[in-house]
Amino acid sequence: MDVDGRAGSQRRALKQWPAEGVTRVPYWVYTDPEIYELETKRIFEGGSWNYVGLEAELPHPGDFRMSHVGPRPVIACRTNQGAISVLPNRCAHRGVQFCRSGFGNTTEFTCPYHQWTYNLYGKLVGAPFRKGVQGKGGMPPDFAPNEHGLPVLAVARRNGVIFAAFGESPPPIEEYIGPKMLPYFDRVFDGRALRVLGYSKQRIPSNWKLMFENIKDPYHASLLHVFLVTFGLFRADQPSETRMDTTGMHSVLVSSRGEQKGNAATAEMKSFRGDLKLNDSRLLDPVREYPGKATVVMQTLWPNLIVQQQTNTLATRQIVPRGPREFDLAWTFFGYADDTAAMTTRRLRQANLMGPAGFVSIDDSEVMQFSQQGISQDSSGAGFLEMGGRGTGDEDHMVTEAAIRAFYTHYRRVMKL
Amino acid sequence: MKPDGLRAQIEALFYEYADAIDEDRIEEWPEFFVEQGVYKIVSRQNFDRGLPLATMLCESKGMMKDRVNAIRNLSMYAPRYFRHLIANVRVKSETAEGIAVQSNYAVMQTLVDGETRVFNAGRCVDQIVREGDFLKFKSRLCIYDTIVIPNSLIYPL
Amino acid sequence: MKPDGLRAQIEALFYEYADAIDEDRIEEWPEFFVEQGVYKIVSRQNFDRGLPLATMLCESKGMMKDRVNAIRNLSMYAPRYFRHLIANVRVKSETAEGIAVQSNYAVMQTLVDGETRVFNAGRCVDQIVREGDFLKFKSRLCIYDTIVIPNSLIYPL
Amino acid sequence: MKPDGLRAQIEALFYEYADAIDEDRIEEWPEFFVEQGVYKIVSRQNFDRGLPLATMLCESKGMMKDRVNAIRNLSMYAPRYFRHLIANVRVKSETAEGIAVQSNYAVMQTLVDGETRVFNAGRCVDQIVREGDFLKFKSRLCIYDTIVIPNSLIYPL
Amino acid sequence: MDVDGRAGSQRRALKQWPAEGVTRVPYWVYTDPEIYELETKRIFEGGSWNYVGLEAELPHPGDFRMSHVGPRPVIACRTNQGAISVLPNRCAHRGVQFCRSGFGNTTEFTCPYHQWTYNLYGKLVGAPFRKGVQGKGGMPPDFAPNEHGLPVLAVARRNGVIFAAFGESPPPIEEYIGPKMLPYFDRVFDGRALRVLGYSKQRIPSNWKLMFENIKDPYHASLLHVFLVTFGLFRADQPSETRMDTTGMHSVLVSSRGEQKGNAATAEMKSFRGDLKLNDSRLLDPVREYPGKATVVMQTLWPNLIVQQQTNTLATRQIVPRGPREFDLAWTFFGYADDTAAMTTRRLRQANLMGPAGFVSIDDSEVMQFSQQGISQDSSGAGFLEMGGRGTGDEDHMVTEAAIRAFYTHYRRVMKL
Amino acid sequence: MDVDGRAGSQRRALKQWPAEGVTRVPYWVYTDPEIYELETKRIFEGGSWNYVGLEAELPHPGDFRMSHVGPRPVIACRTNQGAISVLPNRCAHRGVQFCRSGFGNTTEFTCPYHQWTYNLYGKLVGAPFRKGVQGKGGMPPDFAPNEHGLPVLAVARRNGVIFAAFGESPPPIEEYIGPKMLPYFDRVFDGRALRVLGYSKQRIPSNWKLMFENIKDPYHASLLHVFLVTFGLFRADQPSETRMDTTGMHSVLVSSRGEQKGNAATAEMKSFRGDLKLNDSRLLDPVREYPGKATVVMQTLWPNLIVQQQTNTLATRQIVPRGPREFDLAWTFFGYADDTAAMTTRRLRQANLMGPAGFVSIDDSEVMQFSQQGISQDSSGAGFLEMGGRGTGDEDHMVTEAAIRAFYTHYRRVMKL
């Protein structure tokens, strides 16, 4: 009887990264519960800056919103001093996830169970009956409220975007994003006040990394997205760049809008429809608003953020993992406080391209589900990533999986895989 | 058969509208609207907080046709069935502007080889006008409770 | 109370029919049909592909009684509740043949000690005729979206 | 707009009632009842076995207001949306006692950041009376199939 | 590559009870599947008396009801001799869970698959075709029906309450409940015939132990339950007691109704509303029916029973675990056979306080969900239980978590943790 | 602290097959996830011919249908040469489950993500941008398309029935079915063209092996199925046979219709109703269509097929496991291309006996759920299978569990248990 022994060693063998390196991604990284647990610890709680929201969402002292760092629920607050604090949404007494409102304004948080009360800095400022009632009961004399506050997270901000980190603080956010990626970040987040236009949320039945792969994969865009291809919003024959930071953890895809005109490259794209026309062209009525030629910049920031600038539709997409086979994708669509009404209308119209019903993003959310289904058939397989060669460096085109290879280079380092 | 009575006519409109979607005659969908009709799907959360974002937005029959074209020819998605249950139809008022109607709905989704699940539930707030012999939507606003959408929203609700 | 109006009478028929099933008065079920009435449950997949198989097929009131007898006396199954939600009732035409009606439905199932789940959803395509004072089904065809049935289908829909 | 016809008026009552709950205007809920109105939620299991326990019991408008007050000010619970689908409305009789009506319902619940689920399904057995221009519930009895309640029942059904 | 090794040792480290002892409860006891399996064996099937129902539910010979011992389905039957038998709801042939009705009356149970038939004592009294058909087939000659009955459970009864146990019989029920707890038990179950008023059932998304903690935690009642506090039904400033048996496994909270009047203690309770009035006072129209001052006694009996006497609403609450993260709470509301109609009406009205829609119990079922959510964020944390000191003994007040500490003292002993 | 250690060794002990051998089936074979994983590898992917469909479903070149081999999604195609190919439904690039239609006709399959295109033989015939775009990017020069096709499955056909196998090809299908079983197979699949009448699908909450046990268990039919028994369609007192191949993996139950007349055997069957009559006898209007006396032949073919011939209703039932506790049962009802209209009507009427709403099969799908529920209560138990003795050989009656014992003999061999 060898069930246990074999299954055990089989399992271990499964977790050997293929000898080819990052040109292969073993399918167990998308399905294994232990890998997922390790990711939680080593990636999301391990010295990385996680996106938690925008300052524009918290204009007034006491404003707060629920958010997540990786899978873990947190609360981002505007303090009275105008700073931002990020607190774990878990009571220090007996673990109640106390905050239940997505947004609000408060001077303090009170856990419903025993009314332990925390100020906006996570300090325990109230614990009823701590001294007992009518001389009876209460906490022991050595009870030190300052040892029972909420373990606040490290916080970083840049141009209105809020990041937080469990554990030891990562390097300053500018250093973390790095000199190569920062200009792209600052392109959209240029210091102007933002205006939130609204939220969307999808529950996608796939591993969270497939979302990053998708956005780091310019190769698919010209093939999967008939809409992008046909209207020239993002296409392999257009001037494009794939750029990574030095670690490989962040990346951008950059491209300039082209025309709806056939050529040698579009001939290879089954998805190109030369004859397609919009019935109402207001849907796509692009206005150039950033310097330079790029009309689309998609940036991924390790470990949970996508910054989308596609023509005039802007959004952050936050990844909230929910186990190895599911994640939530939380979209925050925004513009600038100084947008004209016409520009706001334009952004809202172009928002049809993105989100759970997006002309473009539907393709991605569906294909991620198909990926997870295929991968889950048998986790002893591996993805093959040799488009654009085997390197992990920048490219001035889209015909490459380099950014995914770079991502897994960093992933393996952090995960010790 | 043309039903008698305003509410019956409105319900007929709603049910034929739903049938076009459920039975995959999506090309008919824009025809339930007037030319400058507006169709919007918004989350209850955005609606209640006064945020203008729509999950789906069509400001004209043309945009609806663009949406239909995307569904038929551009988008890639797994095949599925929609099934509307329309309930609690309330005619709120009839003015020169049109007839104001509210209703509740639940849309059941069945993925091929999957179970039938409640995909989306909420209410519709509609403005309806007469166009010749027919009632048409001047605007249809679907406000959905289901803040977290199970993967993708392919069809209009 | 006998309702006025054709659609109201048809809805009354549908609702009493559903009540007989939901409230476990299944013996009444065949009585909603004419003597040579036909009852069929077919999957949308078979229907769309033109395949003749029915998941449940009764070609006469007698076969319906045989089905009732099986449910009551022959079959072994876990106790459960059905609950019909009938919606989107559309009277399509009235001819000498009868009244053609379509509707949508969802049946909720609750197993003892279990949750209430959407068990089956789809549409009904009916032919209804007058028999004396009553409306009766000449044929009822339930076309279900729920291709994968959660275990067993005990009762008619 | 006041609808014509008894069933239409009853449906209007049901739908406005549901809307008050679904759209979080719970304060209006007691006003759908006469002063000594009775509201009861009972499980089908207790009902069928003749056991008197109600899951929610209000024997007067006052008790309903106490329930509203609890919901608004006393109870602690996670925010959620209710969405009623009311179907199969049957007017059974009209006597001096009032109008006897039965209906089926399913309530969909959406917890913040969660999926929309069938929370509770069953039927309502109502006595309705005229009070001035309005129809009001003399008694409303909700008999639910969903024996195992998913955690808490916060709002009336 | 160290995934397996680390994950393994991490897991082991996680399962070390904190050095502080029972003033800490590690969060993995609420989430770990192996812990749950051990609980099934060591607690629910390990020599403990589990509540399975009331004799009043089985008035006539042949009456039966489905029930559970821990998570395991059983059937409680009234035998022809007027005794009670408790049988596992699982066929001895090939495992079919044969009984499908919540309640019924029968002379024997027949499994649908092959019609093995058991009498009310679990004895196999029929096995069709055992001797073959037309001389062919059948069981082997050495088939001994008496070796293929249902392994009946040990049964104990006291004053109309039925308990059952898998495995070796625990000590007599009086000894098991113990001399300190028995009087509280006998207070409600005083030998009078009971009348069942009805059932409620909730599926609560939390670990089953959180239900016990909740009822063993008088500290929360004054803070969480605005209803209790405001109407003086249970409040920290009222004469109260927290009592445990010698092992810590059982406990009672006892208190006397107070007034809706502010004082120093209520000032600390955000939940106190001095100005609140009922619109219909029939909802709370208390009548004293037990000797002594106590108006509320909440008793917990290891491992699956809560006995509720809150004013005039009486109920047993049976805990049915369904994995580490979910349990069913099955309420049986009852009165006495000799209750007046007015008293029955009173009990039914006061039932508004309890159950899935209870003015009071909603708070608890909701907070248990919040607890499980918070705990599940990261199971390396631990609850902090030092209210009322660090002891596990009786207290004459409510401002203590002593009964929870006592519970975990026993839990650790039984679980060998 | 011994949680891990004990739980580990407990688990191992659980996986010891009982000393009695195949007269006992330990309950962990129905619940354990590791056993299920092993089954996937050793049974469904390990050299066995899995049913995937009928040739009649694929009349024209390019016709395809989705199907499964064990739990794994595959596509069966009619090639241009009139042969059949079976492809895994998983892209060789990055794992997308690309085919989404149950049925269709195509010349090639294109994965939506990056449009890798496979012909009907699984050969990679297209990979856009493989040579780059405008001289940039593309696959490395050593990219060999023939190394990146879909790993086609071995295929076997007999008389219109299609089988497929992962890994090394099993022996020829005739040898695999074996000389004892082949005549029964050929009885229904006699070379005539088939006509598919329609499909049904059920999701049954039980282990897949319980389905095989059910069909290999003639003992239950006379007891569980009131319909069969009453109308004499299958009853223990009728001339019957239970036959296995030499390995025990396949079996048939054969019987001849009897009368609705009581006798000594029916007296033992609670399920016999001498007085029952059909209101509409067209429901059961049997016509003899095969040589010999048998009116019902139920054949099980390892590891995923049941061939049903009950009177005039014919169907294949394909088992698609979905984890240890659930499987889909996919029914294909069929007749012969040369059936008269009256015969087709007869088959469609008799289809009322089978499928998710079948007069007969409801009993089975329900009892399988009850079995899984009972088994899952505690996986340390074992089923008792001594009806008809302890042997695994053929019997000329129904009062036996021999075919199940034979099945587990083979199962143990293959699973090394």
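Chains: A, B, C, D, E and F, in written order; residue numbering restarts at 1 for each.
Methods note: contacts are C-beta pairs under 8 Å (C-beta built on N, C-alpha and C of every residue); 3 or more make two chains touch, one makes a residue touch a chain.
Model, not experiment: these values are computed from the prediction.
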Contacts common to chain D and chain F (chain labels): A, B, C, E
Centroid comparison with chain C (C-alpha atoms), farthest chain: A
Where chain C and chain E are represented by their mean Cα positions, the distance between them in whole Å: 42
CA centroid of chain C to CA centroid of chain D, Å: 27
Chain D and chain E, separation of their C-alpha mean positions in angstrom: 31
Sites on chain C at which at least two other chains make contact: 76, 78, 85, 87, 106, 112-113, 115, 118, 147-148, 150
Chain F, residues touching no fewer than two other chains: 100, 102, 112, 201, 203, 224, 328, 363, 367, 370
Inter-chain touch pairs (all): A-B, A-D, A-E, A-F, B-C, B-D, B-F, C-D, C-E, C-F, D-E, E-F
Interface residues, chain C side, partner chain D - complex: 1, 3-4, 8, 12, 14-16, 18-19, 22, 81, 83-87, 106, 108, 110, 112-118
Of chain A, residues touching chain B in the complex: 102-103, 196-205, 224, 226-227, 230, 273, 276, 278-280, 282-283, 328, 333, 344, 348-349, 351-352, 355-357, 359, 362-363, 365-367, 369-370
Chain B-facing residues of chain F, complex: 100-102, 112, 201, 203, 328
Parts of chain C lying in touch with chain F, wherever the complex brings them together: 41-43, 45-46, 49, 51-57, 59-63, 65-67, 69-70, 73-78, 147-154
Residues on chain C engaged by chain E in the complex (per definition of touch): 76, 78-79, 112-113, 115
